[in-house]
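Residue numbering begins at 1 within each chain, and the chains themselves are lettered A, B, C and D in the order written.
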């Protein structure tokens, strides 16, 4: 993609890096100090992970780069849907209640 | 491992096969050496990156595997024809149905599908090659050597015998020790990686390699079907890869993903393998839908009806097929909620499928239907698939499925959709595009014999199996009326079913005869447009030149070639001087083949649990990858003179547009 | 005749430059499929993580070790980004140096992971001990193998870079490896969160 | 036992009903001869048997569960036929009318390729049909998780699939049988299924549809026989070499006969010991057997040792009687 504009610059990388460090430290502190109830803790860990994933996408992987149809974005969205299906589907199905028809 | 264990022994049929394999190998080697064809084989085929040649190799492999899978089917039907039969022993029967299923889906349907992908897609979208020609060659050789690895289990080490999806714990070490099950894992693993690459390749090819004037919404429906099928491949083949890795970890490293002990969970396997397995059947059927769309439009001399809803329904199928996998194990105890959701999702997928059938019918409506060979298969498909689809909806109703599951009703259903939907479609596609790729048509008369034998054979074989399901006959039993004093009255219908299987086998022989006969006597295609086609592949000579299009075609809408022909007839064509430019093409390369051989070595080593050999093979793979990374001189230009020469030699063609009546 | 009615379409769309763009898109799609690969391992882990067979449980993970691993990988993701920045500026030397830094950090990460695995094995927590451990070693090990592969890939690219300099081809390769590296960091975030943090929570 | 052609690894020599695996002396030639002779006779028989309704056991249920499933089958057939039959008719009509033959006067409109009305019709009709079938499916699915009749106290039968035999344990009577089960007619039976071998599937077509037997899982299946009779049962999911022989008998008798039968077993049959179970669970075939007792907690141990400890289903494995199994159902509902 040689002819495309690049969102890559030092400022973006540094911001992204700082954000990901913060988003890593927050859940570590929460977990090591047992600050929240179990459910709240799980939610905040996952939330931090998802946010950090978004940071990686925008600041490091430059998902916004490129022109024309955004096939890479479409692929990513479809991929995320499939990922969620695989993991959530497996958990749901496998938590069988063993009392069946 | 002892020598006597390395080679499979004990059955006269196996010795017979050993001898014939040895004889055929010697004959091939002799032929190649005597006629000094080794160099030709290497230059023209093994190292080729031309999508058309790769397609031909896929096609030949698929037909060979159809033969092997078909022989397996006939052996099973012989065994079941009469009660208390001792033609095959229990374990031998188990091996045969395992290899039959595996081969037919993974080593017959998949390569047949890839053959059509390769042969048709670049020609149809006005491209000179696929996006990644090198990767395309890697895919083929991975498939081919994976299939060979699986097939040699017949003579060395022993065949797998835990069913085509090898449910653990039966497929774990405790119950299936030895190389048989490993052959299954590694054969599928290696070819599955190839399939994944093909998926990526064709998605990018279709998105990026279309001739610049072709918009996605004008793209022929076969290419759309390939796109939706490839998207589904991307979505599910990684799951297959990992699931097989997990079973490998269990078997090779003593892991406990799916074992009965130490907390392993066999249901997890069933869950994961069907996450791949169900979309897989839609992966193979979508391109068949694409074939039907092309063939119906061409031979009705009419535009395809409801193009947009055809496209929409294919995309819908490829996505919704991701949400139906549990219907393969409604009876496994996932609870009522899970069952209801997946039952309804399964029924929903019938809606876009049904819409497609309507659209095909209304493409024929007010058209002019020419009943040619490809069209015959399409017309056989419609009723067959309707019934198969209906039984599919019946199976989707979860509580009813408790009665059909694992019975012969199920067997009849999926053979009806897989033969009636997939095989008929691929055969139609083969007949349709055969002239384009080989330059001659397949003989009609022999083809009709083949067709009718297939049709009659199919119904004679599988209709009784629906009834057998209602009679309580379960799949995968090698004999019946043999124990506990039950005679359930299964014998007569089984006998009839066997007759049908033989008829289909004879039909296949006619088709092989037809191909061999037509090589010499088949009608030559001099126009490049033997069917009066509608899409771009018919605008170039048959067989297509290496670069496909001397000049990239201009597309103004759907059915580009059809309207171009109309313009030509009206005389609206401004003749310009032809000015060629050098064409950029990839170089042949031996690396894909060598890399795949290393994969084969690795797979063979792990199959016999010879770790040194497996690891050596993987190192070989890494080295070849590394070597490729350092290859910079990977392409060349075809000079203008050469293009002019080739095109001149074919100047004589020129299609006459035959309007109906 | 086909040729005579076809307008002349420039061949450039299938020429050399855009080939690199096409390859990058393919690689991106490959990464998405790789996501699914990890998702499958995650699914198995999610289902099996309580199946400890009376042995090692997730609460026994070595906390300092995985926190250090996480930060090393985060930093290496940053440094690989800086390498790409240098590439765009045409600074071959800076590019080479930052790539080397990234690869070294990756190697340290893998080393720490191997040490963690060895320590666990020494305690008897091996892959064949329980379904939990099988799924743990597979998931984390799959990531570790990806990182190791990335290191070798970087070495290969470094050699090509020293021979050929910054060309469209090496540029594309560096973009790919950097994308791959960020991707592995993203996967690790989830391993870190789901496996380790939720394990010791 | 003489396993023939154990090509590879199967060298186990259990001694039960060896005959099944002994290769007969029928050669291929003889087989073809027999085939020839019986060809016509069989064809005729097949046609006749097609009329013999009693052979189609799935369509001839003997209990409320099988009946509900049959009802759903019939509904689904009718709903599918509503689409299939007209479409087949249209197909035949179109092919005949629009064939490309000289002098065909049917209209030819090569450009006609869109019709919003038609598209709405054939997206709409299947949606309606799926909706109707979906509702029935959901209803039946939920119904089948409950005992078929409410006013009769159910009994519990625990089922364990082994290589290659079925073991039934009766927690209320503390007796066990192999390859056959007796149940009282008119009483809901909760079969609780597990496996101590590769997963199988428990299927008694005339009583109702099947359910897998999974190692480490204990799953309930409600069945009920309305009349006395003997019903064919079989394993439906492939488990290896002896799978084809995993057929069993379910005999439904009156409540009195059932009690008598249990008492008879209690009195006359040998006990199943731990050692005996170990022997029984080894791969091999077995004839019908009865045991006056079995080791305490046998079923629970089987489930737990295969991974049952990781799930919360100890409460309804059946040993506390049907009452507790009912209450655990309520627990499930809350989940």
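In this section, a contact is a pair of C-beta atoms (placed from the backbone, for glycine too) under 8 Å apart; a residue touches a chain by one contact, two chains touch by 3 or more.
Treat the numbers as computed from the prediction; the structure is a model and nothing was measured.
Undergrad: Average the C-alpha coordinates of each chain, average all protein C-alpha coordinates together, and give the chain whose average is closest to the overall one.
TA: It is chain B that sits nearest the middle.
Undergrad: Tell me which has more C-beta contacts between its two chains, A-C or B-D.
TA: Between the chain pairs A-C and B-D, B-D carries more contacts.
Undergrad: With chain centres defined as C-alpha means, what is the inter-centre distance between subunit A and subunit C in Å?
TA: 15
Undergrad: So the centre of each chain is just the mean of its C-alpha atoms; given that, what is the distance between subunit B and subunit C in Å?
TA: Roughly 33 Å separates the two chain centres.
Undergrad: Subunit A to subunit B: how many Å between their CA centres?
TA: 36
Undergrad: Mark out which residues of subunit B touch at least two other chains, giving numbers and ranges.
TA: As it turns out, subunit B has residues touching two or more other chains at 207, 234-235, 239, 263-265, 267-268, 272, 331-333, 336, 339, 398-399, 402.
Undergrad: List, in ascending order, every residue of subunit C touching at least 2 other chains.
TA: 25, 29, 32-33, 36, 40, 43-44, 47, 51
Undergrad: Tell me, which residues of subunit D touch at least two other chains?
TA: 141, 144-145, 209, 211, 217, 219, 307, 310
Undergrad: Which of the residues in subunit A come into contact with subunit C in the complex?
TA: Contact set of subunit A toward subunit C: 1-3, 6, 8-10, 13, 16-17, 20-21, 24, 27-28, 31-32, 34, 38, 41-42, 45-46, 48-49, 52-53, 56-57, 60-61, 71-72, 75-76, 78-80, 82-83, 86-87, 89-91, 94.
Undergrad: In their shared complex, at which residues does subunit C touch subunit B?
TA: 1-9, 11, 13-16, 22-23, 25-26, 29-30, 32-34, 36-37, 40-41, 43-44, 47-48, 51-53, 127-135, 138, 152, 156-157, 159-160, 164, 169, 173
Undergrad: Note which residues of subunit B are touching subunit D in the complex, please.
TA: Residue list for subunit B touching subunit D: 5, 8-11, 81-82, 84-87, 89-92, 94, 158, 161-163, 167-170, 175-178, 180, 260-261, 263-267, 300-307, 309, 329, 331-333, 336, 339-340, 343-344, 347-348, 350-351, 354-355, 357-358, 361-371, 379, 382-383, 386-387, 390-391, 393-394, 396-403, 405-407, 464, 467, 469-472, 474-480, 482-484, 486, 488-489, 491-493, 495-496, 660-661.
Undergrad: Okay, in this complex, where on subunit D does subunit C touch?
TA: 307, 310
Undergrad: Along subunit C, where are the residues that touch subunit D in the complex?
TA: 50-51
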